[in-house]
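The two complexes that follow have chain A in common; it is paired with chain B in the first and with chain C in the second.
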Partner chain A sequence: MFHSTQGVQGPDPVAFPSGEADATAGGTPILELRDIRIEYKGHEVVHGVSLAVQRGEVIALIGPSGAGKSSLLRSINFLEQPSAGQILVNGQLVQGQSGSRGAIARNKSLAAHRRDVGMVFQQFNLFPHLTALENVVLAQVHSLNRSKEEAVARARQELAHVGLTGHEDKYPAKCSGGQQQRIAIARALAMDPQLMLFDEPTSSLDPELGVEVLNTMKRLASEGMTMLVVTHEMHFAEDVADRVVFMADGAIVEEGPAEQVMLRPSSERAKTFLSAVRGR
Partner chain B sequence: MIESILAMVPDFLPGLGISLLVTVASLALGLPLGILLALGSLFAGKPLKFTCIGLVELGRGVPGLIMLYLVYFGLPQMGVVMDALPAAMIALGLMTGAYTAEIFVAGFRAVPQGQWEACGTLALSYWKSLRLVILPQAIKIVVPPLIGWTIMLFQATSLAYAISVPELMSRAYNYASVTFEYALAFTLAGFMYLAVTLLGLWLFRRASGRRRSAATSRAAVLAGA
Partner chain C sequence: MELLALLSSGIGQTLGITFGALALGAVLAVPLAALRRSELPVASTAAKILIEGIRGIPPIVWLLLIYFALGETDLKLTTFQASVIGLGIVSTAYIAEIYRSGLEAIPSGQFEAADALGMPFGAKFFRVITPQAATVVIPPLATFAIGLLKDSALASVIGAQDITFRAFQEAQANLNGLTVFMWAALLYILLSIPIAALARYTGSRLTRKVAA
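This part shows the complex of A and B:
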């Protein structure tokens, strides 16, 4: 289902990944998307998007609803199956897998890829029947085959990392939204991901609780974690991201260093969007 | 009047015991069957999936009395002869399998899609996702509708009267046909069914400490309980 493409020829103007925005540019990108296309029921929602992410880079994906930001992000770990295109991690092509949930879960190389890519969801998706600690332990033991002791120690460490020492034995339902999202971040970090994906991590939180999560993310960024963040938090995009990618109608319209895209966008579409969200 | 009712009770109690026994045995047979049918109709490959769905629809579509007659009178024609009591347990167990399969299916479906996605991004295997994450949540969701089914099943054991299982209904009928106290006998039997049902519900509420999360009540609605 994946076909190789030489160069990128999307129907819309697609900005080429330059990698120059990042200080550590050079060498193989940690993640490279080549001409990714995503369809829903025969209707294409992402029209051939290419993007390269360097190690340690923080990229904010912004744009209006329906732009295909979340679909693109979710395709990186195959929660959405791209209809065409290639995904490379450290220069290695990741083989996709179509078919049932079982078939996808049984694909060993895809499982290895998913262990390398951490994901944080808008709705947290914590396991409600497990405590905070157990949420962080589960996949370490059952996916990474760590010993129980090692996993528990690591879980405590990651929960402390996101500022939740003392909340280990709480169930998600007893935690605030901000705490739940930080547990979800700890759960992803405990897998030692090379790259973290955030799908609107603060969109279902009160602004006050969103701040806790954003601060945690800022700290991760400062520690050198590679992050791809779909967000409506313009301050985060401006202050924390190295690079901002503006998407509309299933394509990248504009991308570049954060201050350039956020303060001096060149495309009309980005100008309209940014002045609209800032004018709120 | 009170005296004549009290005189009936010792005669009826063994019947009540058999009604409860049939209920428990049907559940023991039917619940595992229901889980298997649910897993099959949700997650199996196409031939098995449609077989499971077909069996569930068949089991739900055929009246309990016909199921009882098929097992008790029908199977002997194929060389399988059994007593009335095990026949009732098997017939009602099959019915339980079909009905609870629908409840389990609804329970599995009520676990949010995001739970599967979280398992996927953590690269948990399919069976570990099912066993460690989906099943524990589905079980919690299906408890209230399963209680509902258990009550229906307990009352449906009265059908076994038709194949002369000496359960509560038979006892009441036999008593009445000798004494002609039909109204009294069936009223007492009715009250005994009611008493056990209410006691069971009360015990369940106490055990669950009246904790009903939004998820369980939503699933109860989905499962039609």
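This part shows the complex of A and C:
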């Protein structure tokens, strides 16, 4: 399961992935980022990051604020537009990297890619005018063209999966933050994603509510879901992630098996960061 | 009572002009608001100029422009139709700005969530964005509608036979202007009350779900 990839690379995207990755993981990565660069208002915030994710792998993306973790994660489903680089899912290049926002919205292959990639946001982003159940039903009907009955049955199943049976008819405003985030996870899971992206899923929650969400994520991980998690929860990174990627200043500084990066980081930058967050 | 009956005969035109112009504006404002929010600077600037241009001209001047301009063509327009078009143009600009504020009130996370779920544009717009924008848009839209009801009196200038037109005729004929216009004022108030009530009712129904 564990494998290493080169973190920061030169401009040649072909030099990826390393041979070792293929040897240990066997087969095409479910997701491959090649030399992703992201610019924000004319200055580059992610400087050519490459990363391969194998099916079933749980990766924690950690690092100081402003490291580009969230930007990188958001670029995977093009909520953030990479200025350069390639994104491959199961070895297939995802089209639609260029053009205006409107052009992307109309791009069929991009919509399909987004359906394959579940996203969980820091602020949940539930639809406030819909009940928990309706939140989980909506995209199933409109993106996957499932029948209403099928979508409702699946939504009930996913809400049960995240421990929210009995809350189907509540509006998000009537739910706790932890419940809202679990509804958001159910909403993403109902789309049958191949992988799930979590963008600081517990950062806007009280610690005790964050635990509910982390437990749900742990269960997903144990069920074999491929997950890429931007997080400040060091225990989650240590206990649940297979691999930890440490980013700083828009680049991957260090990556490796969770145990190694979390307990025996080799770079000074990671050592400083980890001792600072642990010292709190 | 005879006086009230006479004035009431103008209610149809007053309401017709108000809601005709409102409907015209509500529909035409959709593309204008979309253009205004366009990422293409040319489009958004053009929309901005159009909106400011329309709003910069007094409604009465719009009415006279439409009335005389269309008189030059072969199109035979009634004073009623000219009034609906004239006030409809004015409404388009104001309602486009109301729509824009409604769209801007929606957090970007809502657009992102719909995008991340791979939702097609139509579903995103009609199932996610519009229902939320509606709660923001309805109160200013109702205020605008009441304002428009009152502005519809301007149509009497080009001869539309609304409440004000009837009142003016009556006042000229019988020299009882104060009484006539007091009754006319009362009629306008009575007509605006249901619009305000409807707006409050719709607004509270829509926001009840979302409120914490």
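FYI, the second predicted complex is superposed on the first by the 251 of 280 C-alpha atoms of A that agree within 3 Å, B and C clash if a C-alpha of one lies under 4 Å from a C-alpha of the other, contacts with A are read in each partner's own complex, and residues count from 1 in each chain.
We adopt the following convention: contacts are C-beta pairs under 8 Å (C-beta built on N, C-alpha and C of every residue); 3 or more make two chains touch, one makes a residue touch a chain.
Keep in mind it's a predicted model, so treat the numbers as computed, not measured.
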| item | value |
| --- | --- |
| Combined model on chain A where chain B meets chain C, clash or fit | clash |
| Which superposed partner A:Ser222 touches (first chain B, second chain C, both, neither) | neither |
| Contacts of A:Ser147 with chain B and chain C, given as first, second, both or neither | neither |
| First, second, both or neither for A:Ser203, with chain B first and chain C second | neither |
| Which superposed partner A:Tyr171 touches (first chain B, second chain C, both, neither) | second |
| A:Asn77 touches, of chain B and chain C: first, second, both or neither? | both |
| First, second, both or neither for A:Asn125, with chain B first and chain C second | both |
| First (chain B), second (chain C), both or neither touched by A:Ala111 | both |
| Common interface positions of chain A, toward chain B and toward chain C | 77, 79, 101-102, 105-106, 111-112, 114-115, 117-119, 121, 123, 125-129, 138-139, 142-143, 173, 187-188, 191 |
| Chain B residues touching chain A - in the complex, by the definition given at the top | 43, 112, 114-126, 128-129, 132-133, 136-137, 140, 213, 215 |
| Residues of chain C that touch chain A when the two form their complex | 39-40, 107, 109-110, 112-121, 123-124, 127-128, 131-132, 135, 206, 209-212 |
| Chain B partner contacts - residues on chain A that touch it in the complex | 77-79, 101-102, 104-106, 111-112, 114-115, 117-119, 121, 123, 125-129, 138-139, 142-143, 173, 187-188, 191 |
| For the chain A and chain C complex, residues of the former touching the latter | 77, 79, 100-102, 105-106, 111-115, 117-119, 121, 123, 125-129, 138-139, 142-143, 171, 173-174, 187-188, 191 |
